[in-house]
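First chain A sits with chain B, and in the next complex the same chain sits with chain C.
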Partner chain A sequence: MSDTHIQAGAGIVDDATFDVLNAIYLHKMSTAQHIAEVVEQSVDDVLATLHREEADTSVCDVGPGWLLETAGTAKVLAFYREKYAGLRADGDIIHWYEKFESTLNQQFIKAVSEWQTSEGDGKAQEKMVRLVDRMIRHLGQVTDRIPRYRFYAERFQRAMAKADRGESQFVCKPTVDSMHNIWFEFHEDILAVVGRPRDV
Partner chain B sequence: MSETGDLIVTDFVFDIEDLDPAATSLFGGKATGLARMVRAGIPVPPAFAISTDAYRAFQSSGQKLPDGLAGQLEAAIARLGDKAGRPFGGDGREIDPLLVSVRSGAKISMPGMMDTILNLGHTATSATHAIARGASRAFVVDSFVRFWKMYLEIVHGLDGEEFLEHLQTARAAAEQEGGDLAALEAEIVAFATEQGEVVPVDPRAQLDEAIAAVFQSWNSPRAKAYREHQGIAHDLGTAVTIQCMAFGNAEGDSGSGVAFSRDPNTGEPVLYGEYLQGRQGEDIVAGTRTPVDLARDDQGHAELRDALDHHSKTLESLYKDAVDIEFTLESGRLYLLQVRPAKRTAAAAVRIAADLVNEGLIGPGEALGRVSADQLKRLLRPVFVPEQVEACKAVAVAVGSSPGHATGAAVLDSDRAAERAATGEPVILVRPTTSPLDIRGMLAANGILTARGGALSHAAVVSRALDRPCVVGCENLLVDEEMRSFVLGGKTFSEGDYISIDGATGQVYDCRIELSAPEDASESLENLLHRADTVAQSEVWTSGGGGSSVPGVAVVSLFDVALGERLLDDLIEGVTLIGQGKDANGRKLCETAEAIGKALLARHPDIVPLHVRLPQPGSTRARFLVPNWPELDQRLFLPMGNPVLNKAFLRGLDAACTKADRRLTVLLGGVTDFAEWFAFEEIAGPLATLSTGIVVQNPAGLEVADRIATAGGVVWTDFDEIVNASSGLPQRAYLSDATLVDYVEHGALSVNPRRKLRAFLEPLFGAAIRTEGFVGCLFSSDFEPELLQQLHRIGFRRFSVPASRRPLARLLLGQVPPQG
Partner chain C sequence: MTVIAQGYNGFETKKAPEGTVLYLPNPQSVLTLLRSGKLKEHILLVQGGTTTFLSPALSMGAIGVITLSGAPESHLGILSREFQMPCVMTAHLLDSDSRYVTGGNNDAHFQSFISRLEGKKVRLDCSDADVAKVIEIA
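This part shows the complex of A and B:
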C-alpha cells in the first residue's frame, strides 16, 4: 500500500483518492472519463489513481469501466466512517440530513415519478428542476463542512441546463448523468456520511 | 401610442378582446391564445395583457415599472372588477374581492421564467369577511396561506416548505374558532422580514411586484442560458397576462372540473372528464362528494355537457388537436380556464391522429408527427403468449410499477444477473429492495421484482426510466441471499428458476411464459401507417412475417432455411462434391436445392414477392461449417466462379416452384460487376419461375447497382454488410453491437459506423438508386432511426427490416420532413 495516499493518523485514503473510489462506489461501474467529470480532476490524474489502486487490488478494469474490489469498497467505507465521525457527533449534519430526507427528497422522488407517469410532461419537469434548484441551494449550507458536495451542485447545474434544452434523458435516465441519477448518488453518499442504512 | 397633451404615452395595457391575436412578439403566446379563444366565442375569464414594450421600458429605466403603466393598470383592473362584479382589494366592502392570476408570457416559452401566481388580491380583512359570511374557516385559511406560499416563493425567492413549517403554530391558531387572520398575516410578514425581504400586504403593491418579477425572470440564469443555446434574442422580452380567478365555490350553480374533447385512454371521439359540483376546495380535501362523470348522460348537467362538447369542437378546430380543458362554473356561468393539447395514451395517440386526418382537421404528414416512436414501441411491446399464461400459476400479486411483461431466470444479485444476461439468457432480478448499486443488474435484467417499496421506490422509478417491467412491494417474497433461494407465495425457488412478471397488474408467475408481438395492432394504427407509406412514398418489406400488409419478403437466406430444415449436411455435401469435382452436373445439390425450395415456399405461404439469397461458400460462416474448407475449389468463393454450383441451385429451386405454382426472385451475393449478374441472369433466363437479382455486400457492388437494376435485376443493398466490408469490421455474429458500442464509448472510434453513415459512403448509396429499377435497402437485424431517415433523404424508397421493427420503420419514414 502506498503511504503517501494515506492520511496521517487516520488510516484512511486522502481526499482525492477517496473522490475517485467513491465515484465508482456510487456509480457501481465507471469510466475514467465519467469519474474525471464528476470529481473535477483531469482524466490523467484519475487514471494515475486508478492504476495505483489497481496495483493495490482495490479496483479492476473490466473493459467498459472500472469496478471496486473488496479492498476498494473497504477503503471507501472506512473513509466515510472515520472522516465524518466528528460531524456525526456534532449533530448538525444529522439535522440537515433529516430535513433533506423528510422534505426535499420525498418531494423529488414524487416529482420524478409524476414526470415518468405523465410521459415527460413539461409541468412535471419544471417541478423537478425547481426542486433541483432548491437542492443546489440546500447543498450550499453544508459545503463548508463537506467541500466535495459542491461537485454535486456542479453536476446538477449541468444536468439541469441540458434538461432545459430538451435533452430529456438528463431528467432521469440512469445511464447518463441525469438529475435523478445525481440525486440518487447523492442520497447514497449522505446516507454513508450520517451512517444510516438505506430504506427502499 | 396615444397623446395626452404634449406627452406621448405608450399603450402598454390591452384588454384581451382588443389585442391582435397575431401579435405574439408583443403579447406572448398565452395572451394571444386567450385572444383567439375570445374571438372564437370561447368563454374565458376576463383578462388583460401588459405588452413586451413595457418589458423593454422596464429594462431601460433601470428595472423600474415604466411611467404611464400605473395609470393604465388601474383602469384595466377597474374594468376587470366591473366585468367580474368584484372590486380589486375588496375595496373595504364586505363582498368577495377580485382575485387575479399573474403569468409570464413570451413569444417562445422557456425554462426559468416565472411561474403563475394565483389568487392575488387576498387580504386578512377580505378573508375575515368571507368567514363571517359563512365560508369554511379551514378552506379560507388554506387559500390565504397558499397564496402567500406561492407569492413568497416566486416573487421573493424564499423556500416555500420552510415557510409552511415556520407558519405551523400561527396557522393552527388562525384555524381555531375566532382565530385572528390579521395575526397570521403579521406572522407571515415577520417570516419574510427575518429573511431580509420586505413584503407588502396591499394587493395593489403585490401586483406591481409580481409584474416586476415576471420581467426580472426573463433574465434568470436558466432563461438566459436557454436563449443563448437556442439563439433566441435577449431583447425579445416577455409580456404579462393578468386574469380574473373564477370561483367554483361561489353561490348557486358552481363547480369545477376537467374535460377532454376525446377519450384520452382510447381516443374515441366522445366528451370525457369529471365535474365536481359545489365548494370544490373543501370537498376535494374532505373527499365528501363524488364527481360527475361527463361521459355519461344519465347524471344530469345536460346543459353543461352540451356547452363543453360545443366548445371542445371549436377548440379542436383552433388547436387542430384533441384538447383537455380545465373549467369552472361560477354561479351558472361557464369559464374555460386552461386549454392544452390533451395528454393521451399511446393507443389514443394513434386513434386520434388517424381520426383527425379522416375528419380533415390535419394532413397525414402532420398526423404522423403526433405519434412518437416511443408511443409506438409501447403499443407494440411484446406480451405473454395468452395460452401459456393460462397454464401458469400466479403465485403473488404485488404493486405493478413499470408496465410490460417479462420472463427469465430469477437471479438474486446484480452482478450475477449482469453476468448471466451477458450469455444471452433472459433474467429477472429478484431483490429485497434495490439501490443505485444495483444499476448494472437492472440494466441487464428483462424485469425486476422486489419485496419492499412502493410506486415511488428506487426500483420502480429506475425501472420506468429504463423501460423495464417491474413489480415492487411483493410482501410474500422472502429472499435468502446466502442460500441463493427465495420463497414466493409459499413456494421455494432456487436462483435460476424461471419466473414471469406483469409490470402492469403486479402479477408474478411461477414459470416461464414466452413473449410474442401483440396480436392486434389496431385498425387505426394500420390506417395511420398506411398513410405514412403514402406520405413517404415508400414500402417496407420484412424478412418474413409481419401480417397481410407486407408488400414482400426479402431477403431470406437459403442457408438459414437449410439449417432450420436439417438439410445443412446435404447442402454441404452437395457443395463439397462440386468443389471436389466429383459431381459434374451438381445432381446432389440440385436435389437438396429442391428440398430447400419446397420448405421455403411452405414457410412463406403468402403470395407476395419472395426474394431469396443463395448460400455463399466463401462466407465466414461456411468457413467454420464446411469440413476441409481450404481444400474446396477456390472458384466457389467467387460469385460466378463455378457455374455448376449456381446452375444446380437454380434448377432445384425452379423445380420446387413449378410444383407449387409459385415464383421466386433469386439473389446472388457478393456481386461487384455487371458481367457477374449478367452471366447469372443467362442461366436463370430459361427457367420460367425464377427472376434474378443481387445482394450488394460491399462498396464496389454499390457502384454497379444502378446499371443492374436498370437492366431489370433486383438489387438489395445489405446495409450491415456494406458497412462491415467498408470499415473492415467482422459481421454482427462475430462482433456484437454491444462490443462495438463499448469501443466507441472508450473514444477509440469517433463514430459508430453501424449507426451513422460515413461521409464517403453517402454518394455511393446515392449513385446506387439513380435508376428507375428495383433497388432496396436491407437491414437484416435492426436499424438506427436516423440512419433510416437519412437513406430516405438520399432517395431510398424501398426497405426491408425484421417484422417486429416494421411499424416503427414505417412511422419514421412517414415523419421525414418533405424536401425542397
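This part shows the complex of A and C:
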C-alpha cells in the first residue's frame, strides 16, 4: 500500500515490510490481525514478515501483540527519512501539517476529553464526528502526494459509521479501531513524515 | 505515610493503586518491564503527558502512572480515562518550590523528581476531582 517502491538495501526496508513495521510504530503494540486490516495484506503475509523481522530482532511478540525493538524503530524512521525527504522541503505540506496541528488536532483532543467527561454525551460525540469529517476533507488535500493517507479516511468512515450505530467503543476505545485511535495513529504518522518530534 | 507529591488528576476514581515507582525514559525500558512480568508491581513514571511509548504497558494492565508534564486533556490523560487507570499529571514535590515550566528547560526539575521518587513505594490518591496525590508508604 506504500506510495512508491523503494529498493531494499542500505538499511531501507521494502514497502511491504515498512507497512507492517509502521503499523506497529503507529499503534505501539499491534496484533497481526490489526496490522493486516490497516495495511491491506493477508494475515499470513503479515505473520511471515513479523517472523522474519523477529529473527532480525526488529520486532518481538509480547503475547497480546507485537512491539518494535530498537532496530525495528530505526528501520521505520530510516524509511520515513528516505521516502519523505522531498516532502519535508515542501512548504505546502508543512503548512498543511501545521494547520492540522494548530486547529483540527487541538479541537479534536478537547472534544475527546469532553466526550469522556460527559460520559458519552450525544452532543459531544457529534462534535467529534464533525471534526473527523473535517479531517477527512483535510486528508483529501494531500492524498495526491501521500496516497496511503486515503486509508485513514476509509478507517475514519468505518469508525464513524459504527459509532453512529451505537457502538460507542468506536469513539475512543484504544483497543479497537476507534476515531481517537485512528486520529492518534495519523498524528504519529504525519509527525514522522515531516520529521517533527511530538510536543511534550 | 506522607503525601510527597501532587498534580492534576487524570480522572476522579476511588482506585488507590500501590507500587514501586519505576521511571521509564524510552520505549526500550517499557519493553524490558513487560518482559520482566512485573508490570503490576510498579507505578510508572514518565516525563511527558504526551508520552506515546507507554501504550503497550497501559494495554497490558498498568496500575497507575505519574507524569511530570501534561494536562488531563493530553494523550495519557485520555488513555488513563479509557483504561480507568489512575494518573497523576504534571506532578511536583511538595517539599520543593520547583515546578514544571511550559516551554522552559525542565531538566533539573525532572531529575530532582525522578531521584526523589524512583524506587519508593507509593500509593496514588485520585479521589479528588482536580488534585491527585502521591503518598509514600513505609
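Throughout what follows, the second predicted complex is superposed on the first by the 189 of 200 C-alpha atoms of A that agree within 3 Å, B and C clash if a C-alpha of one lies under 4 Å from a C-alpha of the other, contacts with A are read in each partner's own complex, and residues count from 1 in each chain.
Just so we're on the same page, a residue touches a chain if its C-beta (ideal position, glycine included) is under 8 Å from a C-beta of that chain, and two chains touch if they have at least 3 such contacts.
What you are looking at is a predicted structure, and each value in this text was computed from that prediction instead of being measured.
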For A:134, is the partner it touches chain B (first), chain C (second), both, or none of the two (neither)? first
In the superposed arrangement, which partner chain does A:60 touch: chain B (first), chain C (second), both, or neither? second
Figure out whether A:19 sits in contact with chain B (first) or chain C (second), or with both, or with neither. neither
Quick one: classify A:118 as touching chain B (first), chain C (second), both or neither. first
Residues of chain A touched, compared between chain B and chain C (which is higher): B
Contacts of A:185 with chain B and chain C, given as first, second, both or neither: first
A:69 in the overlay: touching chain B, chain C, both, or neither? Say first, second, both or neither. second
Is A:37 in contact with chain B, with chain C, with both, or with neither (first, second, both, neither)? neither
A:198 contacts which: chain B (first), chain C (second), both, neither? both
Under the contact definition given at the top, report the residues of chain A touching chain B in one complex and chain C in the other. 27-29, 63-64, 109-110, 112-113, 116-117, 172-175, 180, 184, 188, 198, 200
What residues on chain C touch chain A, complex-wise? 11, 27-28, 31, 34-35, 47-53, 55-56, 58-60, 69-70, 72-75, 77-79, 81-83
For chain B, which residues are in contact with chain A within the complex? 110-112, 115, 159, 161, 222, 225-226, 229-230, 343, 374, 414, 433, 435-440, 442-443, 450, 452-462, 464-466, 472, 742, 745-747
The answer for chain A against chain C in the complex is residues 27-29, 60, 62-65, 67-70, 73, 109-110, 112-113, 116-117, 172-175, 180, 184, 188, 198-200
With touch defined as at the start, can you tell me which chain A residues reach chain B in the complex? 26-29, 31, 33, 63-64, 103-104, 107, 109-110, 112-113, 116-119, 121, 126, 129, 133-134, 137, 160-161, 164-165, 172-175, 180-181, 184-185, 187-188, 198, 200
